[in-house]
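Here come two complexes built around chain A, the first alongside chain B, the second alongside chain C.
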Partner chain A sequence: MLDTHADTILSLRDVEVTFPLRRGLFSKPGALHAVNRISLDVQRGEFISIVGESGCGKSTLAKTLLGLQPATAGTISINGKDLAAYSRKDLAHQVQPIFQDPYSSLNPRKSVASNIALPLILSENPPASEVRDRVREIMQMVSLPQRFEHTYPSQMSGGQRQRVAIARALITKPKILICDEPTSALDVSVQAQILNLLRDLSRRLNLTSIFISHDLSVVRHLTQRIAVMYLGRVVELGESEQVFNSPRHPYTQLLIRSILPPDPTHRLPTLVWDGGGPDPTNPPAGCHFNPRCRYAVDRCRVELPALVEADGQQVACHAWADPAKWRAAGGQIPQLS
Partner chain B sequence: MAYAYEACGEPILSVRNLEVSLKTSVGELKATRGISFDICPGETFAIVGESGCGKSISSMALMGLLPRIATARADRCVFDGQEILNLSRRKLSNIRGNTLSMIFQDPMTSLNPVYTIGDQLTEVFLRHGKGNRKQARERAVFLLERVGIKNAAERLGAYPHQLSGGLRQRVVIAMAMMCRPKLIIADEPTTALDVTVQMRTLALLAELQREFGLAIILITHDLGVVASLSDRVAVMYAGQIVETAPTRQLFADPTHPYTQGLIQCIPSYEPPNPDAELHTIPGMVPSLIGKQRGCAFRNRCSLAVDACGEGDEIALRELGEGHAYRCLQPHDALVANWRLLQGESA
Partner chain C sequence: MSNAPAPLDNMDLPMPSPRQQSWMMAKHHVGLQIGALIVLVFTIWAVFAPFLAPADPYVQNLANRLAPMIWQDGGSWDHILGTDGFGRDLLSRLIWGTQVTMIVGFGAAFISGVVGTTLGMLGGYLGGKIDAAVIFLINVKLAMPGVLIALSLVSIFGGSLLSITIILSLLFWDRFAVVTRTATQQVRTREYIAAAECSGASKAWILFREILPNISNQIIVIGSLEMGIAILIEAALSFLGLGIQPPTPSWGILVSEARDTMFFKPHLIVIPGLAICILVIGINLLGDGIRDITEPQGRN
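Coming up: the complex of A and B.
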């Protein structure tokens, strides 16, 4: 991961985003590490997913990549240039977002065409005729009929609105698309349309897409690589198929077991209630996952595991750092089933 | 009749031709076009469909929680031997939270943020005259422990914001159980929860149901949830039940073209073919304003013929064993269509 490829478009090094916390007037100020030392290289044209549950920092990471939330430590570079060195206008030509809720992310008082045109006008301000042509071109690209030009978002369905949001993201011809749960507010039949469209567009335009989701089954269909986040850290990173077929980290295994397939013969696994996710303002010592992990040993409660290479995947788990030693010490190797 | 699969004796809830309509500025919107079903004691009946199909508004009608602009009528709507549709507020509030309770989607909005969970749990119990404060407290502690909340007695003093989303939904489930209900209507009970928490919450619901012999109406858009929890299922589209079957049967032999499309477009966990497109249902849901004719799905259906647009509604066809569908096509043509769809994705 640390060797820089020639065609790396986005590169993160030890990125941290920390929010100061103050619980009470006289208490000691604390800190919430929403994103904790994340390093990642993304290749041009790659479709990569970041998966995790609420509070794991995936949306904060998205905001940081969009320049909406400054990183408190570490560096992010896009095309070899530091993110902070980009002006807002230049950044708009590099990175564009698609947000979860197409009901709140579009301006309800502007027509579809003005909603789509806004990033273009702000960044390039071309003559009105060019704006119109480019809006029409992009609407065609996302399969929005031209008759929608002068309608308002409130007159459209969720799927159509999300197409507007995609068109708006693409109008400045960005290199990187950050999709933050773009389909979780949509119905399944519409979700499939939007996922197909996103995949299609990213191939056609050679876009680099970062797809943030809590839903592993959606991600599997789209992406080449998956990064699993837990409490601000990447706990597993690897090729999509490999992560699905042989998940290493106990948390990834838990996520995969939690998928409910549309199959009535599938039995609900009997799991004891583990209290759910821990408090991100007060993460457990050692490996953050240890209170929920059935493989945890004393070492896991003290020492934070580093992200290490294990058969082409990267895993932050003591069991996989040196499986032979782990077994010799009486530990069990985490298994999916 | 396809309304109830097994002869369960007296159904706990029996609904015939429930119609809910909303008065809007552009005309009358038919949210449901005559839905009928029976719920047997102790079973889980799932109602599945996409937003706007009428699944939530029909449960709201049953609970007497419709907005003012809505009116409901039915030939029959009998819960526990009593007609409940359009009952007076006073009579309804004797049933609601008592023998019939509800679990809503978002535990943050269904709990009152300014009362402790203890107050909210015991209130239901006391309101329905099930006993005194001490008994209410004991029941609350028992149920909180039962839903897996540690230190239940201490937790009674906690406010909703002090609990995580998963715990809050457990409190809501415990609250629904306070008066030993016969039927719980669960409207998207796990949609707002994280995936690992969702699975545990569903497992808990299944356990409670076995233990207390509850009937559950499970309203959801998620076929994975349907498959893992329900005994029977009704698929709704544009205000109608288009197919109903025992859950295993529905997934083994999905018959209505809409059901087939819905199952097919789930990004499933199994087939990882990077070049296969996800199946989609083309087009969108029709407007429900004004008079509806024929099959509501015909403009998105690959098997539609002219006759699909004729008549008031398509009749329900019985396949036996509680499986019925609302389509003009014969069963074998639909089976062939399903094979074709599956071949497309393989």
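Coming up: the complex of A and C.
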């Protein structure tokens, strides 16, 4: 199931990120499991997306993959080498980030060219002429006219800034791109441009991209595989089209139903079984999703379902672990409609 | 019917460089121009005092005490602003006093700026125990009655130019530390800091190349405020007889010496007082102006 493929570039094994919590002076210190035993293999050149609602731990996972947030347990290996064994500068040649907010991800005191050149200067420090040439080359690659070289981020639009951020991420020729909601701060019209640019560049440069998003409609046509996260755990993992056409986990079904079609005659979807967001500091016992799940039975409130294979997809749901037994026990199989 | 000329595509014109933009903004910024002019004039006075002063500021002439200014009855070109109670030329003492006053003002603001900014940035960026230590130092400083401490230190170490400058800078670093600490905490959470960390930037690089330029506006504003306050406090200490020691001409001493005669010859106290006032206003205008023209958000 999770065997290390010959061309696996990124491999996560039981990765956990836990933040200690102290609620008050006299209460027992708790812990927030932002990322909870995630195992995932990413192939070279793959475009995989991680989706989930706010607070499900997807951004923490991104920070961990970038080496900004150490994992409290488990191993992450890139190209077969442990993440912790990389020096910061070597890691910069492997993994680079594209952040959510292009208004905060560029240094407002630096020109576009010096913002883009930063990773190059820090990791290789080539002569100034080479820096200039490579900045121009990468600006052309992301379709930024050369006249922007000496402008400042505050003079640019959100889409242009995100192009600058992409150029900065690509200048050290990394193998893996971590995109943490790169389009959620942009206008819809600009979103498509940036997404197409990311997809084209990924193909052209054979990049491995990990695309983190809360918006399923954005990732549908972009990525080959989708991992759905809920409260720090992967609840469903599979080929993009398969996840969309036959979502297994009730949470994935909920997400897909909540996509708004671009048709003004449609009403807002009625999400009948949404009991509000969960508290990540105090997750429910058993399956974390059970308070919001209309298929939940007593077993779901006690036993945590494991991620198991079901028709090429991996699902963490008791109903899909053994559907025949589930039905025999009077359970209902989760359906999209 | 001829073909209409193709519209000029503005998008292909190069954008103005930041220096050009700052210059364009400076040309319309009256406050900045006035402040720069005042500071420039006083700086020239200070630097070229030996050439600009018409007379020796120390030479006394008891036969010519309290001479009137040139536009008053009995005024002469020998002493344009008249003479003080010892017959010394007031204009010369004012010009030489600029030197002392500006050295104390710039020196105290610079030293306290370096100390306070370093502490504030370290506390704000590193957090944890270092931040706790910085906050402790700030609280200790805020709990101390500054001017009283300064008075006692001056009485211990004497009123030389160097000791006054250092003692005044000990009075002012806390405001730099408070402001830069908060500003650093804000900038630290920006994603460009994370991006720099992802590329292997050292702590020193992040502090000096990423954070410092983004909090320089606050430092400039605090610096210009503190420079003005340092000049005022130096004048106050000199007035109390605990600052720079006479006969060295500092503006505070000019005010202090003139208080015996202020009801008969008010210009002796008004002129150095006005000079202090104008210089402090000029420094503050200049600081605000520099902030305005270098602020990236202001470039639109």
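As a working rule, the second predicted complex is superposed on the first by the 328 of 337 C-alpha atoms of A that agree within 3 Å, B and C clash if a C-alpha of one lies under 4 Å from a C-alpha of the other, contacts with A are read in each partner's own complex, and residues count from 1 in each chain.
The definition used in the following text is that contacts are C-beta pairs under 8 Å (C-beta built on N, C-alpha and C of every residue); 3 or more make two chains touch, one makes a residue touch a chain.
None of the values given here were measured: they were computed from a predicted structure.
> Looking at the superposed three-chain arrangement on chain A, would you call chain B and chain C a clash or a fit?
Superposition check on chain A shows chain B and chain C fit without a clash.
> Looking at A:Phe19 after the superposition, I want to know if it touches chain B, chain C, both of them or none. Which is it: first, second, both, neither?
After superposition on chain A, A:Phe19 lies in contact with neither partner.
> Who does A:Thr151 touch here: chain B (first), chain C (second), both, or neither?
So A:Thr151 only meets chain C here.
> Return first, second, both or neither, reflecting whether A:Leu255 touches chain B, chain C, both chains, or no partner chain.
It touches chain B, and chain C stays clear.
> Does chain B (first) or chain C (second) touch A:Phe244, or do both, or does neither?
first
> Is A:Pro264 touching anything from chain B or chain C once the two structures are fitted on A? First, second, both or neither.
A:Pro264 sits against chain B, while chain C stays out of touch.
> Name the contact category of A:His221: first (chain B only), second (chain C only), both, or neither.
In the superposition, A:His221 touches chain B alone.
> Just checking: does A:Arg168 make contact with chain B only, chain C only, both, or neither of them? Give me first, second, both or neither.
second
> With chain A as the corner point, what is the angle to chain B and chain C based on their C-alpha centres after superposing, as a multiple of 10 degrees?
Result: 70 degrees, to the nearest ten.
> Between chain B and chain C, whom does A:Ser111 touch in the aligned arrangement: first, second, both, or neither?
Only chain C is touched by A:Ser111; chain B is not.
> Report, in whole Å, the shortest distance between any C-alpha atom of chain B and any C-alpha atom of chain C after the two complexes are superposed.
Comparing every C-alpha of chain B with every C-alpha of chain C, the smallest gap is 7 Å.
> Using the touch rule from the top, collect the residues of chain C that touch chain A in their complex.
Its residues touching chain A are 11-15, 17-18, 190-192, 194-201, 205, 210, 213-214, 216, 296-297, 299-300.
> Inside the complex, what are the residues of chain B that reach chain A?
50-51, 148, 150, 164-167, 194-200, 202-204, 206, 221-229, 247-248, 250-251, 261-263, 265-270, 272, 277-281, 284-285
> Residue numbers of chain A touching chain B in their complex, please.
Within the complex, chain A contacts chain B at residues 53-54, 157-160, 187-193, 195-196, 214-218, 220-221, 240-241, 244, 254-255, 257-271, 273, 275-277.
> Chain C touches which residues of chain A in the complex?
63, 66-68, 87-89, 91-92, 95-97, 99-101, 104-111, 115, 118-119, 122-123, 145, 147-148, 150-155, 165, 168, 172
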